[in-house]
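These are the structures, in structure tokens.
Paired with chain B in one complex and with chain C in the other, chain A is shared by the two complexes that follow.
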Partner chain A sequence: MPIQEIFFYLFSVIMVTAATLVISVRNPVYSILFLILTFFSAAALWIMLEAEFLGIVLVLVYVGAVMVLFLFVIMMLNINQSRVNEGFVKNLPLGIGVALVMLAEVLMVLWYKSQTGTDTYPLPVPHEQGYSNTAEIGERLFTAYLWPFEIAGIVLLVAIVAAIALSLRHREGVKTQSIPLQVSTEKRDRLEVIDMPVEHVENN
Partner chain B sequence: MNWQDLQIVAPELFVLLMACGLLILDLFLSEQRRGILHLVSVLTMALAAIITLRGHPALEQTGAVMAFADTFVRDGMGDLLKVFAYMVMILVFVYSRYYLKQFNMYRSEFYSLSLFALLGAMVLISAASLITVYLGLELMALSLYAMVALKRDDRKATEAAMKYFILGSMASGMLLYGMSMIYGATGSLQISEISLAVAQQGSDNMILVFGLVFMVVALAFKFGLVPFHMWVPDLYEGAPAPVVLFISSMPKLAVFAMAIRLLQDGLSSLHTDWSGMLIVVAVLSIVLGNLAALAQKNIKRMLAYSTISHMGFVMLGLISGTATGFGASMFYVITYALMSAGSFGVIIFMSSKGIEAENLSDYKGLNQRNPWFAAMFAMLMLSMAGIPVFVGFFAKWLVIQAVVDAGLIWLALLAVVFSVIGGYYYLRVIKIMYFDKAVDENPIQAPSDFRAVLSVNALLMLVLGVFSSPLISACMAVF
Partner chain C sequence: MDAILEFAWLLIRIVLYTLLPLILLVAYYTYAERRVIGAMQARIGPNRIGPWGLFQPFADVIKLLLKEIILPKEANRYLFLIAPILSIAPAFAVWAVVPVGEGMVWADLNAGVIYILALSSMGVYGIILAGWASNSKYALLGAMRSAAQVVSYEIAMGFSLLGVLVLAGSLNLQEIVNAQAGGMLDWYWLPLLPMFAIYIIAGLAETNRAPFDMAEGESEIVAGFHVEYAGAAFAVFFLAEYANMILISALTAIFFFGGWLSPFEGWAFLGDSWLRQSSVFWFMGKLAFFMFNFLWIRATFPRYRYDQVMRLGWKVFIPITMVWVLVAAMFVFNGIVVRGA
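Moving on to the complex of A and B:
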């Protein structure tokens, strides 16, 4: 068995195990940590496929940014685990039933595939030296996939607009600081000089 | 990319520009002058229609033109659907202004999100690659999720938004999974190339059929077909009326285009496989939609089940897999979008003082309160029920004819029987309006533009019914 295959199976096994643990562990913080492990293994698989750029981006963006944000949210929210799991046992038989049917169908397809052996795809061939995955992606992104790329940008814009529309609210009666008012204030607005007769208090 | 590509996508670019422009324009407007946003939105739709139609004649000679490395296609079907999408959007804007003002939702986000959703629909309608199908769908859906939740302090609306969001994301996941299977089997994301590869492999390749199943599930979800319909009634009941008006009309046009792009343009060689699946969802939708609508007391829920059954009828035309069948379905979906917009227009019309007229009993004696609009609503209901002379009848007639041509007589009979059963709940609304005594006898007030557009919308059901042939032939000509 070539070394690549050994690594492929190693990473795959880690990935599948971690993915299963994401949905089966009780503590949501552990779930996130396992999800990070899943992403790491996926990144490793991508790097083995010579998609270095995607692998690195997966680690940087997902693990570095998105997952950390997730951790923050989960730690802040203090989710009550017993309530989340309510109805889990009740719905379990139905869930398992549906999952088994789907699994059987998927296996049937795979079995059929292995019987007929219609592999329409050749194995990937390694690229020659000096091949830059990043340059290749950049070129494709701005030529063949320019339209989808721009639309994806608009999807992100919509996400920003929606997030602001749903979370920004002007509530009445909230005491907030008004910086222009504070800056433009003058002495006479705040300070009143009163003429008053001096009182002499006699000490006994 | 070159200058020609930009000319081909001119309508999309214009809508995008205006959607972003509205966001900026809002910053310079005071509360009292929000009406400008409304005006600009309506004008945008009119101009977009002009831009689309201006580019169309050049198209007639070549059939379809591709742009952006074949990820975008502009053809007759796309242009026709887009023009009707603009028309429906004008209805949405005019009807919703009255409601938004009353319910304290009159903000620029409604308009810009609507335009973004329209942009998503346009991308989806013109998609020539699986990636653009997915991105267009997501752009449309994300805007819609946010619009449902715009009424933030309403528990029902928030719940509806949550359900719509979670189930919608699952459907997108299904779609992506199906697409990845198709990509794996054919090695291409381009719909035209997929079509060639599928024609070679046929349904011998199980992976193709496997991917197809997931795509059909996602399509059925987006159409709201049984058994993927659970979100529809809850969404219709919980979401604010203008948003339901929107969701029930314009996206249906886009999802129809998506069905054509994926099933006909991409996987037409698998017709025997997908027509079988569509028969199942169509039968279930027509039966369950009509039966469940009978039991509803809330008019929004009733219309939700009615949508389910109507979408079942739209499937009937697709099942046949012929050009006339697709034309019939397209005619159905266009007229349905107009009918549905009109019906929700009436619901908004009846809502006042911060209370939506949700219950059927709110419509008691509408004839005494406002005879003209009672007549308009009656026309919309008759059209939905498929009573002759009104356009709904011709739509049903055409799809049932397509099914008969395909040799599925039992399916045609079933559709006829259930449309008769469905007639009951539409006629019940008319009975309530004309023969029940009004509880609240106050006359109904609405702005004059609202009244005018609603009247035109309802009368269109009659006009399109009497002079149905131009639209029918236009729909038939694009396939």
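Moving on to the complex of A and C:
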């Protein structure tokens, strides 16, 4: 078995196991950690497919930023596990429905493949050594896909502005510190040197 | 069989050429820190063990390793023990793509810069998990401060590297260094001066060093996230912090100070002297300078207040870096700085 296949199965097994554990472990912090492991294995698989830029960005964005915030929130909330489990029976029919739809989709893909034969999907040919995946993505993004790329950026910007606008509220009677005022404060604003005659205390 | 032997030999070389020197450097960095800050504060510092106290780091390591690792009763024991490993592993793994000299790098990645950003953002998990698993209020407070701070300053750091990428036109660290050839006025600290300053300051915040050591904050939250750790587990956190400081120094040298390039490259009157040759010694010199910088800053500035740290990151650094990315693009567009040369 070539070394690529060994690594592929290794990462796949880790990924599927970790993904299963995300939804089956009881402690939400463990769930997050297994989700991180899932992302990592996915990134490893992408790097094996010569998509090293996407693989590393997956780690950078999801593991490095999004999951940190998830962990942050879960640590702050101190979730009560019994209340989380309460919804299980109630949402079970919906969950089974979604699972069946996904199963049907997977089976359709398999059926389609069995009809057309796997030969219609040739194995990807590895690129020669000087090939830069990163440069290729940059070129495509800023030529062929410029508009979708820019529109996605605007949509994200709108989402940020909307999130801030929703959470920003001015409350009456709240004392806040004005940092420019604090920084620009000078010695004479805070300190007063008083001329005071020396008091003589009688020692006994 | 040959493949396995080759792999084993590669591992041995990685340990010999990178890990061992790094750990020794960390050991003597802690010694240098105590001596340098001692000198700055008109004290002596450690001077008892060996000549001038030179064996002090080994005494410290032996002491820490012989101590008991205390597991708090209510702590989550798995995460408590995994956390130090999670903080040291990324600090070492980043060195895979850091070139110390021409061609002296383990993996010459085309996406080297984002690899560095991705892995250095992993280090925060060690801190968060240590804080959470300790089941102690000080540790949790330190972990939350640190998480918020590291995530915020990562953005400023990433944006300041964006300027370097615009000028160098590459994500490969060797190409970034080679793009700065031509002497010290061609290095990127000059066209990217605000970003250079921001990178150094954000580096302090990323490594949780003074004046941004909110995660530890001895006078406020005892010792922050590692308050419950003792012995070897604490030593690993210590090692990770210093390894990260060395890493940030090395990266500053590579991105803004021309890596292994000589500062006098273009000075023809020096003749063929070694001063004009690029060599790994120039890199070491720059590394030592930026490492000293960390100690100098620690001895000089008082700790920031927490809300001011966050304000500085979000409201000052990120806007400045955003503007300077545009300025750097204008430099390239108008030919003031030739891209990649």
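FYI, the second predicted complex is superposed on the first by the 149 of 204 C-alpha atoms of A that agree within 3 Å, B and C clash if a C-alpha of one lies under 4 Å from a C-alpha of the other, contacts with A are read in each partner's own complex, and residues count from 1 in each chain.
Operating definition for what follows: a residue touches a chain if its C-beta (ideal position, glycine included) is under 8 Å from a C-beta of that chain, and two chains touch if they have at least 3 such contacts.
Keep in mind that what you see is a predicted model, and the values were worked out from it rather than measured.
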Pick one for A:L146: touches chain B only (first), chain C only (second), both, or neither.
first
Go through the superposed model and pick first if A:V125 touches only chain B, second if only chain C, both, or neither.
neither
Give one of first, second, both or neither to describe whether A:F53 is in contact with chain B, with chain C, with both, or with none.
second
Is A:L71 touching the first partner chain B, the second partner chain C, both, or neither of them?
second
Name the contact category of A:V109: first (chain B only), second (chain C only), both, or neither.
first
Taking the touch rule as given, give the residues of chain C at its contact with chain A in the complex, in rising order.
3, 76, 79, 109-111, 114-115, 117-119, 121-122, 124-125, 128-129, 132, 140, 143-144, 147-148, 150-151, 154, 171, 307-308, 311
Chain A residues touching chain C in their complex are 3, 29, 33, 36, 52-53, 56-57, 59-60, 63-65, 68-69, 71-72, 75-76, 132-135, 177, 179
Taking the complex as given, what residues does chain A use to touch chain B?
105-106, 109, 112-113, 116, 118, 120-121, 143-148, 151-152, 154-155, 157-159, 161-162, 165-166, 169
The residues of chain B that touch chain A in their complex are 1, 9, 16, 20, 23, 67-69, 71-72, 107, 109, 112-113, 116, 119, 123, 129, 131-132, 135-136, 138-139, 142-143, 145-146, 149-150, 152, 184-185, 187, 201, 204-207, 210
